[in-house]
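Both of the next two complexes hold chain A, though its partner changes from chain B to chain C.
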Partner chain A sequence: MEFQLPPYSLKMMLPELFLFGWALVVIAFDLVSGRKKESAVGYLTLAGILIAGGLLAFTGYGRGFGNMFFNDPMARFFKIIFLGAAFMAVGSSFGVLKERVRNHRGEYLGLILFSTVGMMFLASSQELLSLYIGLELTTIPLFVLAAFYKDNKLSVEAGIKYFVVGAFSSALLLYGISFLYGMAGTTDIIQMKINLAITHLTFKSIGMTLVIAVVTMLAGIGFKLGLPPFHQWVPDVYEGSPTPVAAFLSIGSKAAGLVAFAKIFVNGLSAFFGPEMLPNDWGQLVAIMAILAMVLGNTVAIWQTNIKRMLGYSSIAQAGYIMIGMVAMNVYGLSSVAYYMFAYMFANMGAFAIVTIFEDKTESTQISSYRGLSKSEPALSLILSIFLLSLAGIPPLAGFMAKYYVFAAAVEKASSPNGVTWLYWLVGVGLLTSVFSLYYYVNVIKQMYFSREDSPYKIPVSAPALAVIVICLIGVILFGIWPEPILQFAKDIPASFGFLAR
Partner chain B sequence: MDFPILSTLVLFPIVGMVAVMLLPKDAHGAIRWTAVGFSLPPMVLSIWLVFDYFANFAAAGTMAYMEGPFEWIPSLNIQYLMGADGISIPMLALTGLLTTLSLIASFGIKVRVKEFFAFFLLLEAGMMGVFCALDFFLFYVFWEIMLVPMYFLIGIWGGPQKEYAAIKFFLYTLFGSIFMLVAILIMYFTSEPHSLSILTLMDHGPTLTHTLQLVCFCFFFIAFAIKVPVWPFHTWLPDAHVQAPTAVSVILAGVLLKMGTYAMLRINWPMFPDALRTLGFWIAVLGVIGIIYGALVSLAQKDLKKLVAYSSVSHMGYCMLALGAFSSVTAIAGCMFQMISHGLITSALFLLVGVIYDRAHTREIAAFGGLGSKLPIYTGIMVFFSMAALGLPGMSGFVSEFMIFVGAFGALNKVLVGIAVLGVVLGAAYMLRMVQNVFLGEFNLARWGDLTDINGRELVTVIPLIILTLFIGIYPKPLVILMNGTLEHLIGLMSR
Partner chain C sequence: MFPYLALAAILFSIGIYGVMTRRNVIGILMSLELMFNAVNINLVTFNKFIIADGLSGQLFAVFVIVVAAAEAVVGLAIVLLIYRNWRGIKSDYVNVMKW
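Right, the complex of A and B next:
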């Protein structure tokens, strides 16, 4: 059978369209099968994600829809991360599907897929409004997912909190975008970059308006990334949400926020960075937020007794590290952000997968209930330790490579002739707090290994969860020792921001 | 291409670790002998390296057995580059020897045997790697990779306060490492073309501005000084030593502390000669403070193991004094001698303290007395090593301290060196006090009546150390020849 693709090249969008359709199929299948086929629905979803990944491989680079939809290396790289996060979240959800969301399996999985579609749209959009819509499509399903245990107070609290904060931050973002539109007269990011510079040079008076736009947009995206002072929702939402959802949130939603940040700030507002074009150096503002994130995330995490809250604070801190690469604003910086996210995905999803299956069995997320686990579950404990050490940045795991790359980006920028020397402070804080972070990651290892008692728990591992854990383990070790292929891929990303590839 | 000897040294223990992990959990005998079996080839190979280097390369002091540079992560110019010269080869041999001895000494471990030996082999791989790596990134990876097994070894099999000691060690060392990481990044980005090779950067260091040299020097110094440990960075050491199981203390004292001084000699000193000239004197001062402080604190100890631990602070102070006198080949050679001899003597002391602790379940000096009559062989060996530690002529400790003082006296402030010599007197005081209280005096028959003397397995672990201590003490010349070429080369770099 042959048919002609429309001139606006739907082919570019094939993975997204497919995944959207598949989400409907999953929901329908669950309904038609009388909500009885717990694992079949899950496997169906996993298959859909894999097919979408395959389609992504066949969708070449290019652009469509009047330059609103770009398939560039950056989009593809982050789409892989989004699909990977969705795959691992679904893979570790089988226990939850079996016990706790019995009546809404299709919706649960469908919403994860919808959210993934939103992220993928976001990664490709090169225009402020479609970017905003992508971000909304990402977060609205997540509000529902966070409140999915509807008879659990914490989960409902998480959902409401996430919803209020999320809606508010979206409004802020939109408000900031409206200022940008007012000054640039376009929502196309590349055109906007040119227009803004011209407007600024002509009138010399857009400074204040630009500052308002920058601050509101930064607040909006800061909420999504959980950067202080907009971080308060993170631990509560992580604690209350179903654990796989928290995992998905920590990777997918964060990567989506990063993409939005990169597109608006690093690309759109790049002219207003550094001494060339004052008074709007948003880099320092972001640096302060990053410092706050690293200090606050890493210190407060030390006091947590609940592993999900601990991972919540750790994700705040990790966002801080990623922002170091962002504000470095050089070729290294953007590829390091991408690589960081990639490495973080394996370590974090892996850790969350083990936390999930542990919770499925024991109904506990207290760190103290991991005591002595290394005796009853030696393999699982060892793997969880590896994930945690990767999060802490111990070589030769992927997390170390990621931190190294991010710090290298900042030092490169700082040590270059007439470089941005305050980046040294950022690096200093980052390194120091990474020492703090070791303490709370290792605390879990301490519970598992150093106790003389035996743990009463034997943890059953379902086949999909096992697959997720093994994939993450391979990712953490392989891309720590041999990151070259991913680095090569990530190297193309700055080219997506034309000006950087000089 | 030649046979990759150095990579074998690193990879063999890792293979051993995997092999140990594949064995059944309860097959304790098999696990022990597999671990020892896998530690033997690296030991033999590293000792063979000593003879081979001695015969073929020692005169010129060149970097030998080079592997690489192979592209590892080309995007970041990270290479796989290994090599060994006159200062790393003795350290490699020491590592190989002490690991095997420690593994034999660990046969008494009863709980979680499999994990213990697996972690221990991973530790060996990391240590071997540090002494071979010639690429900064590779060096850093090996430097850090050791922390993980060390953390577990102290934390699982340690004493009552093991958790505190383990995390303190981990955090302290990591804190130092981050400074090293910054310095590495600065070196990388200021060099043109960007490079991480220690050999290439050797020529780049002196071209930096004085301020930048000072910054990089200090950053590297903090990382390495914590490892040594130089006073005032030493506070992790007594905790780690006292809580760690015997074998781990041996490795900690015998190899890990030397990594600090080795790295200074390999990286810090030759790479930043200007900064060295500015700071050399103050480093010697820190060394002298360490000597005196360590010795005084040792005098006050009630616990045998703590006494040996603090004596390490004092002994490593001699190394720092020698490094402060960087213009003298004798002093630097003395530093290398001290590293080796301290590695032999203190390791033996820790092994011996472990022997008595296994039997008496206490290390309190005051609890003993008159053991000489009950445990003659043990007493003889312990007294031998106590004498070696206080620098009795004829043993390796005397040679190294003598060389250090001779070298430093010519190169440094004479008053400073004079104060340092007092450390020898104090060293004699704490060692003799210990010998007197533990082995002489009245024997408590009711309490220690059924103590048994040192057994064959434990003898196997200390006899090689006795032989080496005596050999170096009586005939140090081969070791001088082994290192001399390399040291001349390094001094040349330092005096640029």
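Right, the complex of A and C next:
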């Protein structure tokens, strides 16, 4: 039997291979360095992430290993987000490295890098098998990271909850994928799209099998994204796991889930629903989940007294806003989702960085312990206020532009000739719940500025944490006033999915 | 083909039921393995009956087995941590955080 290997090119996956090797170097360095130089291994990790970013700039678009590895604008954009999230998570964990994980520095940093590699592979996959492997490589290190404080009951609880939910959701996703494979006869997403369309045109019906596949896969990815009714793990895991890990989870894991969603649903199952690509069937299910996410996330966050838990509920709500852009499924939809994720990265990582250094000093994550912080730490309070306002979507910050573009994409779709008018309802709920969200974000600012008490805390800021905070501050302000360069980049994303600008 | 798919569906349902009702964390892990194995049966069945040539489904199943093993390793390590912290592995113990 003649057998031909598909053409392969390792040059395409140079940043991933480098980062994988670098993670091993970091672990080995931590073993041989004798743990004398406290933060050297942290700086080594940061350098590795920066070099991987540099390599990413030099790898072009293209494909290798059949369709298993496919570099398109979307892959590159999300890889930048993953690397940025890893950089900021590592940069803000220097205090944790000194104190609480001092005996396991190499493993901690190495696992963050392994998870980043998984996310990058996921972003480049155009094929169900490599997508699944990438997703697992993303989440398995995160299970360990969530349970990293071994003697802390909250951390162990976060670990087991995240583990059970993560494994359960991958099993659900896989069950759906196996049915898709059975219907399409291939694991290649582009080929699957064509095969499904042919089947649909021949038999003129969807079939129960596709419904099972869509529902189980939606449940699986809904768990990963934290969309209600699959959201219960989010606040627990955010509260229990180490704060930099929670920050990394909130950006990295969420972006990875979004990429998987975009690959399977927006790309793989789009042609199936006719040439005009109406967001019907699974679109309506996702819209219901998005509405639940916005309402539930924003209202329950109001009662929270722990800032990490509050940010957890806020991230449920933000996932709802992001899904509006996904449901819109037009030229602006995908690019607005990418821009939203980019802006969200700066605001959320910045807020988590300040929460982290505050926790390193005070060992408290209660919102009430932020009381009067503006008197002892005026600069830090101002910066935290800016991040929180960006999360709430106040102009001229990046969060506002992000929300604006997501809503604009949905409105554009709703007002197009073959309009989908229920998208107006989605946007309406989004606008209304944004108002609710202001309450709990501003509550923290109120505690910091309008409390009569003086805060006893003076927060020391280490150099890497300062760098992270400054980068996030610049990102939040600059891309709020001047979003064009990012939008130009994000505009290429829909084209590679077959959506063309009119 | 149908009996195999039905077997997989039953196994998968047992797995979901087990994850939801088991009080022992090891029991939850075993139920998760059942779910992954149901997926494997599905993949191999589709490979045998629908895709006559090619081994992509069987290859997929091999990868699923490998990943499930890796997942079980991490899961058992976390179960060990639960045992160290609470002196037991009932899932009721792991109940500090609510709402």
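Just so we're on the same page, the second predicted complex is superposed on the first by the 478 of 502 C-alpha atoms of A that agree within 3 Å, B and C clash if a C-alpha of one lies under 4 Å from a C-alpha of the other, contacts with A are read in each partner's own complex, and residues count from 1 in each chain.
Criterion: contacts are C-beta pairs under 8 Å (C-beta built on N, C-alpha and C of every residue); 3 or more make two chains touch, one makes a residue touch a chain.
Note that the coordinates shown come from a computational prediction; the quantities given were computed from them, not determined experimentally.
Chemist: State whether A:Ser115 touches chain B only (first), chain C only (second), both chains, or neither.
Modeler: neither
Chemist: May I ask you to name which of chain B and chain C touches more residues of chain A?
Modeler: So, of the two partners, C touches more residues of chain A.
Chemist: Touch test for A:Phe450: chain B only (first), chain C only (second), both, or neither?
Modeler: First partner only, chain B.
Chemist: Once the structures are superposed on A, label A:Ser124 by its partner contacts, choosing first (chain B), second (chain C), both or neither.
Modeler: A:Ser124: touches no partner chain.
Chemist: Is A:Ile394 touching the first partner chain B, the second partner chain C, both, or neither of them?
Modeler: Touch status of A:Ile394: first partner only.
Chemist: Could you tell me if A:Ser315 is touching chain B, chain C, both of them or neither one (first, second, both, neither)?
Modeler: neither
Chemist: Between chain B (first) and chain C (second), which does A:Val442 come into contact with in this model arrangement: first, second, both, or neither?
Modeler: Only chain B is touched by A:Val442; chain C is not.
Chemist: May I ask you to decide whether A:Gly185 touches chain B, chain C, both, or neither, giving the answer as first, second, both or neither?
Modeler: second
Chemist: For A:Leu431 in the superposed arrangement: first (chain B), second (chain C), both or neither?
Modeler: first
Chemist: Could you please specify the touching residues of chain A with respect to chain B in the complex?
Modeler: Listed in rising order, the residues of chain A that touch chain B are 378, 389, 394-396, 400, 404-405, 407-408, 411-412, 415-416, 427-428, 431-432, 434-435, 438-439, 442, 446, 449-450, 482-484, 487-488, 491.
Chemist: For chain B, which residues are in contact with chain A within the complex?
Modeler: That would be residues 72-76, 115, 137, 140-141, 144-145, 147-148, 151-152, 155-156, 162-163, 166-167, 170-171, 174-175, 178, 181-182, 185-186, 188-190 of chain B.
Chemist: In their complex, what parts of chain A are in touch with chain C?
Modeler: For chain A paired with chain C, touching residues are 128-129, 132-133, 136, 140, 143-144, 147, 150-151, 153-154, 156-161, 163-164, 167-168, 170-172, 174-175, 177-179, 181-182, 185-187, 235-236, 239-240, 300, 303.
Chemist: Hey, which residues of chain C end up touching chain A in the complex?
Modeler: Interface residues on the chain C side: 12, 15, 19, 25, 28, 32, 35-36, 38-39, 42-43, 45-46, 50-51, 56-57, 59-60, 63-64, 67, 70-71, 74-75, 77-79, 81-82, 84-86, 94-97, 99.
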